[in-house]
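Shared chain: chain A. Partners: chain B in the first complex, chain C in the second.
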Partner chain A sequence: MGHVLSSGEKTLSETGASLGGGRIGMLDARIRIVVTMAFAITVVGLSQIPVLILALCVSLFLLTQSNLPARRTLKRMAMMDGFIFFMLGLMPFTTPGEAMFTVFGFPATWEGLFLAIEIGLTANAVVLAVLTLLGTLEPVALGHALYALKCPERLVHLLMFTIRYIEVLREEYLRLRTSMKMRCFQPRTNWHTYRSYGYLVGMMLVRAVERSERILGAMKCRGFTGRIILLEQFRLSRYDHIFATCAALVMLLLIGLELSHVFA
Partner chain B sequence: MHIVDGALANSVVAGGAVVAVGGIALGLRHLPIEKIPAAGVLSASFFVASLIHVPVGPSSVHLILNGLAGLVLGWAAFPALFVGLLLQAVFFGFGGLTVLGINAVNIAMPAVIAGLIFRPMIGRGSHLAGAIWGGIGGAFAITLTTLMVAISLMMSGEEFNAAAKLVFFTHIPVMGIEAVLTAAAVYLARTVKPELFSTMKGPNA
Partner chain C sequence: MSLLELDKVSFAYPGHAPVLNEASLSLAPGERISITGPNGVGKSTLLRIIVGLLFPDRGQVKLDGKVCTSERDFTEMRRRVGMVFQDADDQLFCPTVAEDIAFGPLNLGKSRDEVLDIVNDVLTRLKLMHLRDRVTHKLSGGEKRLVTLATVLAMDPDVLLLDEPTNALDVENEARLVEILNGLPQAIILVTHNPQFRDKVAPKGYGLVAGQLQPV
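For the complex of A and B:
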């Protein structure tokens, strides 16, 4: 997964960084989470290819409404496609049905092809919606919004700590890698490499635990009583209501098209 | 190892979500607020570890290390790995949203089981014995994860049988690598900071 990050790029965007989510960025974080969940469940429920293409178009429209760099976002989406490509490529050969053509005596079926296209479209429509609606959130705002949506307090705190320390620990990892490089370490397929990486991970864990002891000490020193107060207050604007209504109408339209078999 | 949205049958997705909620609730019960900084920082380190690519021949694989997470975190590995998967899905687009539950179960459940079985063993005996048990725990967790992914695929329809087998066999080298890495990490931790494996135990840090 590391190849997603080009060098110098941060793992998660920093707190307070201006993400400029465009029109999407003006929306309330809670509405974005609820709408994304509802959209994902709706799309997973769809099975007709024309309706799924429409759903993908909805996601693409959302992408144009955010300030996300279209090319980089689509590249991330394509990376996921690379992941599932082999699985989808197998589908025509493993699904029983009418033969389309044969490769080395194995028939490829139309049914399998359609199933593979269906899964590919679903996965892409959902991932694109997630990246545009949720991926543009400030990570900390995601935690606050989940808390406002009644997620367990301790899970939200765990999420916030993880978000806070991912970048810190990645820098620690990069420091350790630099010192390995200075000692002429070159990763290859051998015992030495795997053992060294194991030590690297072990050292990261040791340093992480020692860091967490210092964090707890610093928190106690400032009067930590076992409760962390989440400050953010959410307020819905007229704009949020309009967005939620439109989103609901679009989802109802998708479900209606699916059920009425307009395209079948 | 990530399953995407739309691939699995609805019953598998729903079942995964229910089990995940149960696992997270149980995990949080083992996580007093005093331990949250430690669990959070460790959860972040496992997130960073999953960004590491190690070479295998001409290609490379990224680490999962859920066995090691279970050995260090115990029950808390469930919410910790779930948080990692949530962040991956939301900010990287890896894995899906509706399949978050089943993905969390497939990765975190073997971690917790490996932790329960092998954690008592890695603290005992010589450092080398501890490392070997750690390696077995690491291989056990990743093998169980692969099997569970394969089973989730097979339960979703016969047409996935071939994909399920492909997932299992392509992950055999990963199992070996994870075992060696986990063993080495346990060996180093036993030498440098033996109390690492009891961080998440006991009432106070």
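For the complex of A and C:
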């Protein structure tokens, strides 16, 4: 997904403090994860289009409360739409029901259209909430919060190691790439190019394995016995409680509206 | 009595000629020695054998006169002997400096509050407090080197093993490192190709020749 980041940007930003995150940034990381998950599950359960539009509005409101640049964030959301665009486009043709029009003898149905809109709204509302609530979190803080939420230790450590070494790997890749360029390598559609890229990837793998062994050695030298103890501890503030309560009320409202439509 | 002792240690990597051939070494508390020799002669291997990352084919590694054989013996060894690796990126694996320094003391079973005190204390002593919450991979080469030293000092070892510590250091940072090292009470085994640095930190030298340590 390198192309999602603008060219100047590093793969991971400096400690997230610089990300700010506005009012959202003041919230406890654990609350943000829990609320995001609850919101995602709630929204996925909704099926009424007006209620889904409301849910999307909630996500948009969250966006205004975080200090994220609105245009770039919406652009990222649109990138996700690119992935599901074809599925949505085909939906009217694959869902049985009342025909709107026909293309080459294939009927497009109203039911399919509504289903496509429903899925599109759901996906966008959830992704936007994730971008604003979790995307503003510093990666390290995310790891710590997941650990505090009793996420499996191994997965958390995997995340933390990724955070630490992704930049080292990227630099290694760029160094190898530069040294190839310095010797006039130009990618073309031929065996020489494929083989060279193979060598590049192979060399990165070999180096990564060797590095991991050296890291393990260094960790053992400092008393590592298989468990990494994390330093950070979290505390909830009054602000977190208020946010959690509001979020719960909003979700109940969404569910209530959904049910009133279903039973109406 | 010697604090650390290698007794006729031999070692060969599988399928290669022996790197160490009955090498012996003895280090008294507070003593400082340097080991020199051409590339690939086995200097780093020697250090890795001392901390039990590699096991000798023959010979013994002793701490306080007690022979170390099992992983448990070497856990104690690693608490007492702090190793600073050649490549700082291998050693600094936590996202932030404070966490990395805390890693060792936490492994030793210290409480969070104690550990935070240690972190602040070590950083203050090395005048690195401004790096406390920085992301480790964004540090400069010189800063990384000093932080790796801090991570080891946080465990309060009796011996420091320094593997090419002046790699990628500029003159200024090198002078800073000399100043810090000369202010420490620890015994030091220094592996370096840098003669000026050696003379300032650990003038007593051994050469690794034909798998044996000989006084220079």
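Following the convention adopted for this analysis, the second predicted complex is superposed on the first by the 244 of 264 C-alpha atoms of A that agree within 3 Å, B and C clash if a C-alpha of one lies under 4 Å from a C-alpha of the other, contacts with A are read in each partner's own complex, and residues count from 1 in each chain.
Just so it is clear, contacts are C-beta pairs under 8 Å (C-beta built on N, C-alpha and C of every residue); 3 or more make two chains touch, one makes a residue touch a chain.
A quick note: this is a predicted structure, and the numbers were derived from the prediction, not measured.
Engineer: Of the partners chain B and chain C, which touch A:R211 in the superposed model: first, second, both, neither?
Structural biologist: So A:R211 meets both chain B and chain C here.
Engineer: Let me test your reading of the model: by the given contact rule, A:M219 touches which partner, first (chain B), second (chain C), both or neither?
Structural biologist: It touches chain B and chain C both.
Engineer: Output check: A:V140 vs chain B and chain C. Expected answer is one of first, second, both, neither. What do you get?
Structural biologist: second
Engineer: What's your read, chain B or chain C touching more residues of chain A?
Structural biologist: Answer, by number of touched residues of chain A: B.
Engineer: Touch test for A:L131: chain B only (first), chain C only (second), both, or neither?
Structural biologist: First partner only.
Engineer: Of the partners chain B and chain C, which touch A:Y199 in the superposed model: first, second, both, neither?
Structural biologist: Only chain B; A:Y199 stays clear of chain C.
Engineer: State whether A:V168 touches chain B only (first), chain C only (second), both chains, or neither.
Structural biologist: A:V168 contacts both chain B and chain C.
Engineer: When the two structures are overlaid on chain A, which partner does A:I229 contact: first (chain B), second (chain C), both, or neither?
Structural biologist: second
Engineer: Starting from the residues of chain A touching chain B, keep only those that also touch chain C in the other complex, and list them.
Structural biologist: Comparing the two interfaces on chain A, one with chain B and one with chain C, the shared residues are 139, 160-161, 163-165, 168, 211, 215, 219.
Engineer: Name, in rising order, each residue of chain C that touches chain A in their complex.
Structural biologist: On the chain C side, the touching residues are 48, 51-53, 75, 78-79, 82-83, 85, 87, 89-96, 98-99, 102-104, 106-108, 112, 115-116, 133-138, 151-152, 155.
Engineer: Mind pulling up the chain B residues that touch chain A in the complex?
Structural biologist: Residues of chain B touching chain A: 2, 4-7, 10, 13, 24-25, 28, 31, 33-34, 36-45, 47-57, 62-63, 65, 68, 72, 79-80, 82-84, 86-94, 96-98, 158-163, 166, 177, 180-189, 192-193, 196, 199, 205.
Engineer: In their complex, what parts of chain A are in touch with chain B?
Structural biologist: Result: residues 1-5, 11-12, 36-37, 40-41, 43-45, 76-77, 79-80, 83-84, 86-87, 90-91, 93-96, 112, 115, 118-119, 121-123, 126-127, 130-131, 134-135, 137, 139, 142, 152, 154-155, 157-166, 168-170, 173, 187-189, 191, 193-206, 208-213, 215-216, 219, 226-227 of chain A touch chain B.
Engineer: Over in the complex, which chain A residues touch chain C? Could you list them?
Structural biologist: Result: residues 14-15, 139-140, 143, 160-161, 163-165, 167-168, 211, 214-215, 217-225, 228-231, 233 of chain A touch chain C.
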